[in-house]
Amino acid sequence: MPSEFSITRQVEFAETDLAGIMHFTHFYRWMEVCEHAFLRSLGLSVDLTTGDQRIGWPRVKTSCRFKRPLRFEEEVEVRLIVTEIRDRSIAYAFQFWKTEDGKRVKAAVGETVAACVSFDADTHAMTPVPIPEVFRSKMEEASSAQGEG
Amino acid sequence: MPSEFSITRQVEFAETDLAGIMHFTHFYRWMEVCEHAFLRSLGLSVDLTTGDQRIGWPRVKTSCRFKRPLRFEEEVEVRLIVTEIRDRSIAYAFQFWKTEDGKRVKAAVGETVAACVSFDADTHAMTPVPIPEVFRSKMEEASSAQGEG
Amino acid sequence: MPSEFSITRQVEFAETDLAGIMHFTHFYRWMEVCEHAFLRSLGLSVDLTTGDQRIGWPRVKTSCRFKRPLRFEEEVEVRLIVTEIRDRSIAYAFQFWKTEDGKRVKAAVGETVAACVSFDADTHAMTPVPIPEVFRSKMEEASSAQGEG
Amino acid sequence: MPSEFSITRQVEFAETDLAGIMHFTHFYRWMEVCEHAFLRSLGLSVDLTTGDQRIGWPRVKTSCRFKRPLRFEEEVEVRLIVTEIRDRSIAYAFQFWKTEDGKRVKAAVGETVAACVSFDADTHAMTPVPIPEVFRSKMEEASSAQGEG
């Protein structure tokens, strides 16, 4: 397990706006893409059926601070850190890194708090549930590996 | 029932790209928004449970010809015409109209063919089904009213 | 000038995800749409050339707390409150309201801090500038009217 | 130069809709992403300044036929074929391939016709221009290599 999880993406044309930079909403989409890739790296999925429960992770809170604009075709690294594992929710911090004039600079920092819920297949109703053991054990392992990094 | 169905929308900032115009994918989203508003105008919904069937309308084919760019905050009329009602699918034509130098000009024309399917609630599997009578009668009524317009 | 600014929107099909609810990124898009509609209500635009300056408002920080999911075709009111007008930035708070079992409930609350910048037309480079007087006077007027509401 | 150009992508959560499948508009976004990756593979960019001209490629026409739904986390190959190089435009065909029950199946086929235009930096106005030699020679080379494949 690596002590840090990250993905690298390139800004797409459809993600830019008339100001010539990546529209801020896509930072949030990228955070989620990184979170799901992190779960896959643990052998999990954000859309997982465990026992007779279909588990989901709706967002409770998200935020982002934007420091540098991202431009079309720029390569960006999104880093994920597990910051807290609670009974029924998990908190992640994210950093966006790019290269500017040969130096690595932080373009943005964000956070996500996601609740663990069980879905009703027919109604799509969501009920908060304790994080299933299959998630908790792997997340804690990844988290402690990050702490040692 | 009006002989023609249309909605009016304004180009949003997040819909523009670095070329300063609405990204072409949003023309397709707008067509779908217009189609769903048309269904609501008939007292229907694109996500409808009738009897014990949950009906959906996945796209079989879509296309669009782009004649004029749309810019931020421009007001655009999207017109829908029902072009064909088949046993298990329906075809719509769309026109995008805006005002340029005081004249109405066509910015784009598109088409959508949507299949009628029944959803399995658990697996989300889709099975093609004949268009339910509740849809067919209202669509035909709207369509013939359009033809007379 | 009303003491409070708001818009009403309906959740679109393309805004939902496989969990059957509006994807959280669209709350942020809606906040921006509401902000731009607010500026238009003051006779301004988020993309404004004043004197020889092209002014823009990139986001410095955004956040959102999600309390209730929004579902396809639900009608939602987005309310905007000007919370602070600084020298080179402005802060807005947002509330998302919907009707559930006949009662008005808050589905989400958000905030945006937007910086005032001047764009270079050729390079798209952004330089922070004091909020132009044409913006400041109208925003302060709207803000004080809100305070009295 | 490979005789065929393709990229592989995984369906993201934000790309799904309440029917549990990738929303059709994203097929069009993926076609564009594939087209831009193809241009980069030739040492070009869709946003290129050549001499004193800033060149762009707005869409003239796009279309797509949808054969199989794409689901969350499915891996999909998008293949691009240059179908025609005209004086002021280029036509591409696209195929979407995935694996179903161990077999490769075509999920969708699409096409794009893109016009070559020159941008005015200040007004963003677009004027159709002949495809610059730097594009034409590399595209023709790639196209003939595809034909031999």
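For clarity, chains are labelled A, B, C and D in written order, and residue numbers in each chain start from 1.
Definition applied: a residue touches a chain if its C-beta (ideal position, glycine included) is under 8 Å from a C-beta of that chain, and two chains touch if they have at least 3 such contacts.
Here the structure is a predicted model, which is why all the values come from computation and not from measurement.
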{"item": "Common touching chains of chain D and chain C", "value": "A, B"}
{"item": "Most distant chain from chain C, judged by the mean position of its C-alpha atoms", "value": "D"}
{"item": "Contact-richer chain pair [A-C vs B-C]", "value": "A-C"}
{"item": "Between chain B and chain C, centroid-to-centroid distance (C-alpha), Å", "value": "28"}
{"item": "Inter-chain centre distance, chain A versus chain C - centres from mean C-alpha coordinates, in Å", "value": "24"}
{"item": "Shared-contact residues (touching 2 or more other chains) in chain A", "value": "13-14, 18, 20-21, 25, 29, 32, 47, 72, 124"}
{"item": "Residue ranges of chain A in contact with chain C within the complex", "value": "18-21, 24-26, 28-29, 32, 47, 56, 58-66, 69, 71, 119, 124, 126"}
{"item": "Residues of chain C touching chain D in the complex", "value": "13-14, 16-18, 20-21, 23, 25, 72, 121-122"}
{"item": "Residue numbers on chain D that touch chain A, as the complex places them", "value": "12-14, 18, 29, 32-33, 36, 40, 45-47, 72-73, 124"}
